[in-house]
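Same chain, two partners: chain A is paired with chain B first, then with chain C.
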Partner chain A sequence: MRVKKDRAIKPSGRKGFARKSSWQLYSMCAIPVILVFLFNYLPMGGLVLAFKDYRYDKGIFGSDWVGLKNFKFFFETDTFSRITFNTLFMNFLFIVTGVACSVGLAILLFELRSRRATKVFQTALIVPNFISWVIAAYMVFALLSPRNGVLNVIIEQLGGQKIDWYSKPEAWIVILTICNLWKNVGIDSVVYYASLMGVDMALFEAADIDGATKWQKIKYIIIPSLGPVISILTILKIGNIFRADFGLFYNVTRNVGTLYQTTDVIDTYIYRTMQSVGNMGMSSAVGLLQSIVGFILVMITNYVTKKIDPDRALY
Partner chain B sequence: MKKKHKNRQIGLILFLTILSVLIALPFLILVSISLSEEERILSEGYGLLPRGLDFSAYEFVFKNPASILQAYAVTAEFSVITMVLSVLLMALLAYPLSRREFKGKKGISLYIYFTMLFSGGLVPTYMVITQFLHLGDTIWVYILPSLISPWYVFMMRTFFQGIPNEISESARIDGAGHYTIFFRMILPLSKPVLATVALFMFLAKWNDWYTAMLYINKESLVSLQYMLQRIMDNIKLLQEMPSGMTVNIAEIPSETIRMAMAVVVAGPALLVFPFFQKYFVKGLTVGSVKG
Partner chain C sequence: MKKQRKALSLLLAGAMAVSLLAGCGDGGNANEDPEKENTENNEGEDSENGDEEPVVLKWVFPAGEQEDAASVLEKVNEIIEPKIGATLELEFVEFGAYADKLNMYMSSGADFDLCYTSNWCNDYVQAVAKGGLYPLDELIENNTTLLKDAIPEYAWEGTKIGGEIYAVPNIQIMTTGNAYYILKDVAEKYGFEGETADPEMMEAFLEKVKAGEADLIPYLVDAGNFADTLSPWLTDYEVLDSTLGIGVKEGSSEDVTACVLYETEEFKDAIATLRDWYQKGYIREDVASVGDQQADLNSGRIAVYISRNKPGGAASDSAMRGQEFIMVPFETPLVTTGGILSTMTGINKNSEHPEKAIQFLELLFTDQELYRLLAYGIEGTHYTTDENGQITYIENSGYKTDADWAIGNTFMGYSLAGQEVDVLEQTEAMNDSATKSPVLGFTFDASNIQSEYAQIASVVAEYNLLWAGTLDPEESYDEFIEKLYSAGMQTVVDEYNRQIQEFMATK
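Up next is the complex of A and B:
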C-alpha cells in the first residue's frame, strides 16, 4: 500500500509540485509586500521633498527644486545644535540607565527561588509598558502639577515652597529618564530574564562545587551569557539614537515651550516645523538626515561588533 | 548557610515589593484623584489617597453619551480589526520566509528588513497617506499603515523556524499544500508568538493618539487617547493664555472627571494582559533570538 502511494506521487513530478508550492508561497507574501510598498517605500520616494520648495498648490512633483537649500537653512538655525544635542544626550542616558537597570532586575528575578513570586513581580514591572504616553502625562501631571501636584503638596506639608516643575528645564533630564525607565525597564528585563533561563544549569552547579561566590557567578556566568542579547538590543538602540520617543518628549512635557531647552528633540522639532510653520521641505530634510545618519550608525555598530565577536552582531 | 540563603531571599522579595509599589504609585494616584471630591482637590491638592469618596466623576464619564462612548467604540473597532488582520498577514508573510526551500526568501527578507533601517519620515509619509492614498479622516488610516511591522514578522519567522520540519514534511507527503500546512499545523503550534504579537498590536492601537493627531479632523473618528491629549492641550492653553482671550472652559472637564477618564481609557489595556500572560514570556523570547 505504502509503496503504491509513493509511486502515485513521484511520477507526477517533484518539479511540478515544487513549482506549484513555490507559487503558493509567493501568493502568501503578496498582500503584506504590497502594504509595505505603500506605507514604507512610497514615503521614501516622497523624500524628494527635502530638495524642493514645497507649495501646496503645485504638489510634490510640481514644486520647484531648491537643491540643498533646506539643509543649509536647517544648519543655520540655532535650534540645530540644541535639538541634536538633546536627542543624542537623552537617548544616551536612556540606553545606559536602561541596560543597567533591566539587566540588574533580570538578575534579581533570576535569583528569586519562588517561580510564583517571579511571575507576580514580572507582571508588576511590565504593566507600565501597556500605558500610553498620553496617560503617563496625566500621571506625571498629577505628581508635578504646580498647584495641586502630589509632590508639591508634600513639599508644602514639610514646610517648603511649591516648585513650578514645568518651568525648570534641568529637572526634566531626570524626570524624563525616570519616565523612560518606568515604562521600558520591565519589558527589557523579561527579555534578559528569559535568556538567562536558557543558561545551562550545570554551569551554576559546577560553580557551586568550586565554591564560587554569588558575585563571581554573576560576573563569570550571568553577564557573559547575556552578552549577545545585550549587544543586539544595544546595537538596535544605537541605530535609533537620532530618533527620539516622540510620545515621551511631546506628551509628558506637555509640549511646554519653557522646557524646550532640554526637551526639544529632533522628532518634536520636525513635527512643529510641519504643523505650525508648515515648512514641509525643511521638515523632510531633517527627517532624511535622521534616517541616513541612523542607517550609517547601525552599519558601523554592527560592523564593529562583528569584528570583536561575530556571535554578538545583529546580522 | 541555609539561614543566610533564606535571609537573602526575604531581602530580595522585600526590595522587589517596594519597587513594584513605587512603579504602581502613579496608577494609585490617578485612581485616588478620580475618586476624590472635587472641592477638596481644589483646596487641598492631589493626594496619594482619595480625598473623600465620590463616584460622580465616573457617573459623568459613563452618562455623558456623545463623545466618550463614541471614541470608545471607534477605538475598540480599529484596535480589534488591526489586531486580527495584522497577526494574520504578518504570519502569512513570516511563513514563506521560514521555509528553507523558498526562493524569494532572501530578497523579500531584505525588502522587509530595510524598512527597519531606513524610513521616509514624518512628512513624506503624511503626504503619501493624505494626498496619494487619500486615507485622511477615514477609519482605515488607523488600520492599514500599521498592519505590517518588520520586527514582529521576524519574531514570527524565527518561531516558525523552530517548529520541527518533519511536521510539515509529513503533511506534504500526504499531499497537503502550503496553505493547509500553514492554517492546520503551523498556526495552532505557534500560539505563544501569535498571542504575544496580538497583545502588542492591540495595545499599540488602543494607545494610539498619534494617528488621530495627524490625520483625523472628524469628531466622530477621534480615538480615545487623542481625546485625552486634547483635553491636556486645552488646559495648557488656558494656563498660558494672555488675559483677555477666552477659551471655552466648558470643554475642559473638572479635575476628577479628567482623571476618571484616564482611568477608564487605561483600564482595558491593563485588563487584557492576564489573558495573554500564559504565552507572553515564551512568545517574547523564542522569537527574539536572532535568525
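Up next is the complex of A and C:
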C-alpha cells in the first residue's frame, strides 16, 4: 500500500510543493488530510485526561490535575508482569507465525499457473478477514464447547475422553495463534503476492536457463525480493506489539477466568477493570502508555533495521 | 527526492502512531458548550413567566424503541403542559445498551434532563461521584410540595450519598432476599414440597431430577452473579458489594462491621457444595464458557434458578419465560440500600431546566393517569382492562415498554392478568413490614480505593468459577484469598469500616 502511494506522489514531489501542475494532486489529498487531522490529531487533546481526575460536570479541561496517579494503578497491580508478558509473547508469536505463513502462502499462490485458481484461493483466504471476532468466537465455541462441540464429539466417537478446552490455559496459546493466522494470513499473503508480481520475470528465466531448482529460486530470488516488504510490515506490527487484538483475546476466549493465565492481555485487563471502576483517567493513562511504548519500539526497530540494511528501513 | 520521501514517510508513520492514540481521546470536546454553564441565570425566568413557550424535557427512557410513542406523548403533554409549562420528549434506549449510552452521554455533556440510574445499570454512586447527577434536596424543597410524601421516608434515606439525595427512587419491591424458582411440572413430578427451602433440601431434589431427567440442566449457576448464586448460603449476610465480596452480618444493629464474604465459613461451605454438584452433573458441564443462559431458561431446559423473593414472582417470571415456575423462598426479606438503589430516576447535572424536571417527577409520582400512560400506553389502544382491574397487552400495538418498575411508583399501576389480584397490595405490605437493614442509607464511596477496587475486580473475575464448581476449592481457594489480599483487600475492608462507623455516628 505504502509503495503505491510513494509512486503516485514522486513525480510531483520532485520539484517542490509550489509547482502549478500538481495542485489537483494536492487537492485530492486534502480530504484525507483533513480527516486525519479531525479524527487523529484533534482528539489528542483528550490525552490530558490521563493526568486528571475527570468529572462530568467540570469537563475535560476543568477537572483537577492529579499528576501520575492514574498511571500508578497499572504498575501497582500484581498482574502487571503477567499481562505484559502475555501481550508481548502472544504478539511476538503472531508476528513470527504470521510472516512465515503468509510468505509461504504468497509463494504457493505465485507458483500457481492458473489465473482462475489464484483468484479462487485469494478470495477464500481473504474472507476470514471480514468475519468479526464475535462471530469467529462462536465458530470456535462450536468446535470446542465441552457439551457438544464438534471436536469433543469426534474425540468421544473415537473412544477418547471429552476435553474441557475452556479450563486448559496452555492450549489457548496454540488455539489463539491458529485463530489469528486464520484471520490475518490471507490479507498479508496478498500483499506479499502483489509485490512478487513486480519481480522481474527475466530473473526467473535466467534461473531456469541455469537449471535452478524451485527451492533455489525461492531462496535466491523470491525471498530477497520480498525482503523490504517483509521488514516494513514487521516494523509496523512491532509498533503494535504492546497492544493486543481485543476482539480476539476477549471474544474468542469467552472471557473465561480460568484462561487468564495465558490469555489475559493488557487490553482485556484494562477493559475488565475499567468496566468495574469506569475511570476515564485510568484508561486514558494506559492507552497513552501503550502508544508511547509502541512509538519507541517502532523507532528502535527501524534504527536497528537501518543499521543492518538501510534499504529495508521504513524511514 | 530522498528528502521528500523521508518527509512523507515520517508523516505517514506519524499518522499511524497517532491513529493508535485515537481510541483514548474520544468523548471529548463536545463539553465546552458555554450554554450549559448558564443554568443558574435561567432558573428565575423559567418559573416566573408561565405563558412563555413551554420548555422541552428530554427523558432518556429505559425501553426499546416504541413505534406508537407519539400518540402516548400527545396525551402526556396534554396533562403536563398546563400544569408545569413543559412538554416531554422521550429517547428510547433499551436496557442492554443503557449503561454504555448514558456513560457516553454524561461524559460528553449531552443534552438531556431525566435518566434512569441504579446500582446495576448506569451506576448511581459512580454517576454522583463523577458529577453526572443533579443534587435534589434544594430542588425538591423549593419546587415541589407533594413529592416528598409520595415516597416512603426509608426509600429517600436509601438514596442519600453524603447526606444528599441525587435521584428519586422508583417504588417497587424494595426488599432483597431470594427464592428458588423451580419448573412447576418437575417440582410436582419429583415431589418438591415446602414453603421454604435450603441447600440441603435442594440437593436431595436435584439428585432425583438428575437421575430422572437426562435432558434437563438441574441447577443454574452464574459465576458473574456472586450475590444471587451464593445467596442460599449467605442468608445471614447482607451483601454490600458483590464484586468486592464485602458484606455485613444481618441483624447486628449495634456493632456493625464489614467482613470479607469470601472468607466466611458459609462461603467455603457453598463452594465445596457447588463443586460437588458440578461433579455430580447438577450444574451444566459447559458452565465456564456458556455465557448467557436466558435462552435455556426460556425454553424450559433449566429446572432451578435463583431470583428475587417477591409477591407474584412466580406468575411474572412464568409469563416472561413462557414456562410455569413455582417460587420457594429461602431468605427473609430485608429492606436494604441495594434494594432501593435498584431503580431510580435522576436529573442530569447539565440539565437546563432542573426545576421543571423535578416538577415533572412530582406529577409522575402523584398523577395516576400520567404514570399509567407512560408505563402501559393508552387504554383500549395498547392494553385492555378486565373485570378485576388487571390488564392484558394488545399485541403489536406499538407501545409496550415493560418499564413500569423503572419509571415511577408501580403501586399506582396495574397488575397483569394472570398475577394474583392483590399482588400490588401484597408487595407494598412486604415493603412496609420487612425488617430494615441496620446500614440502610449507607452507600460506599469508592473514590479512595479505585486502584484496589480495579485490582480486586480482576482477581475475582479470574477466580469466580470457584462458585460455578469448575475450579477445585482445594487447589484454588487459598490462592484466591492470597491474591485478594495482595490486591489490597485489607485496605478496602478498613475503608469500609471507617465509612460505616462514620455513617453510624450520623444516624
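The rule is simple: the second predicted complex is superposed on the first by the 265 of 315 C-alpha atoms of A that agree within 3 Å, B and C clash if a C-alpha of one lies under 4 Å from a C-alpha of the other, contacts with A are read in each partner's own complex, and residues count from 1 in each chain.
In this text, contacts are C-beta pairs under 8 Å (C-beta built on N, C-alpha and C of every residue); 3 or more make two chains touch, one makes a residue touch a chain.
Because the structure is a prediction, the values reported are computed rather than measured.
By the touch criterion defined above, A:248 lies against neither chain B nor chain C after alignment on the C-alpha atoms of chain A.
By the document's definition of touching, both partners, chain B and chain C, reach A:145.
Of the two partner chains placed by superposition, chain B and chain C are both touched by A:256. Touch counts on chain A: comparing chain C and chain B, the chain ahead is B. Looking at the shared chain after the overlay, A:298 reaches both chain B and chain C. Residue contacts after overlaying the shared chain place A:288 against chain B and chain C alike. In the superposed pair of complexes, A:40 makes contact with chain B and with chain C alike. When the shared chain is aligned, chain B comes close enough to touch A:194, but chain C does not. When both complexes are overlaid on chain A, the residue A:175 reaches neither chain B nor chain C. In the superposed model, A:277 makes contact with chain C only, not with chain B. When the two complexes are laid over each other on chain A, chain A has residues 9, 36, 39-47, 49, 59-60, 141, 145, 147, 239, 254-256, 274, 280, 283-284, 287-288, 290-291, 294-295, 298, 314-315 in contact with both chain B and chain C. For chain C in complex with chain A, the residues that touch the partner chain are 1, 4-6, 8-10, 12-13, 15-29, 31-32, 103, 106-107, 109, 123, 126-127, 130-132, 223, 243, 284-286, 288-289, 291, 349-350, 446, 450-451, 453-455, 457-459, 461-465, 470-471, 483, 486-487. Note for the complex: chain B touches chain A at residues 8-9, 12-13, 15-16, 19-20, 23-24, 26-27, 29-30, 33, 41-42, 44-48, 89-90, 92-93, 95-96, 99, 101-104, 108, 111-112, 115, 117-129, 131-133, 144-145, 147-148, 153, 173, 175, 177-179, 182, 203, 206-210, 225-226, 228-229, 232-233, 236, 255, 258-259, 262, 265-266, 269-270, 273, 277, 280-281, 284-285, 288, 290. Here chain A touches chain C in the complex through residues 2, 5-6, 9-10, 13-14, 36, 39-47, 49-50, 54-61, 72-73, 76-79, 141, 145-147, 164, 166-167, 236, 239-240, 243, 254-258, 260, 264, 269, 272-280, 282-284, 287-288, 290-291, 294-295, 298, 314-315, going by the rule given at the top. Listing the residues of chain A that touch chain B in their complex gives 9, 18, 20-22, 24-26, 28-29, 31-33, 35-36, 38-47, 49, 59-60, 108-109, 111-113, 117, 119, 121-128, 130-143, 145, 147-150, 152-153, 156, 182, 186, 190-191, 193-195, 197, 228-229, 232, 239, 246-247, 251, 254-256, 267, 270-271, 274, 280, 283-284, 286-288, 290-292, 294-295, 298, 314-315.
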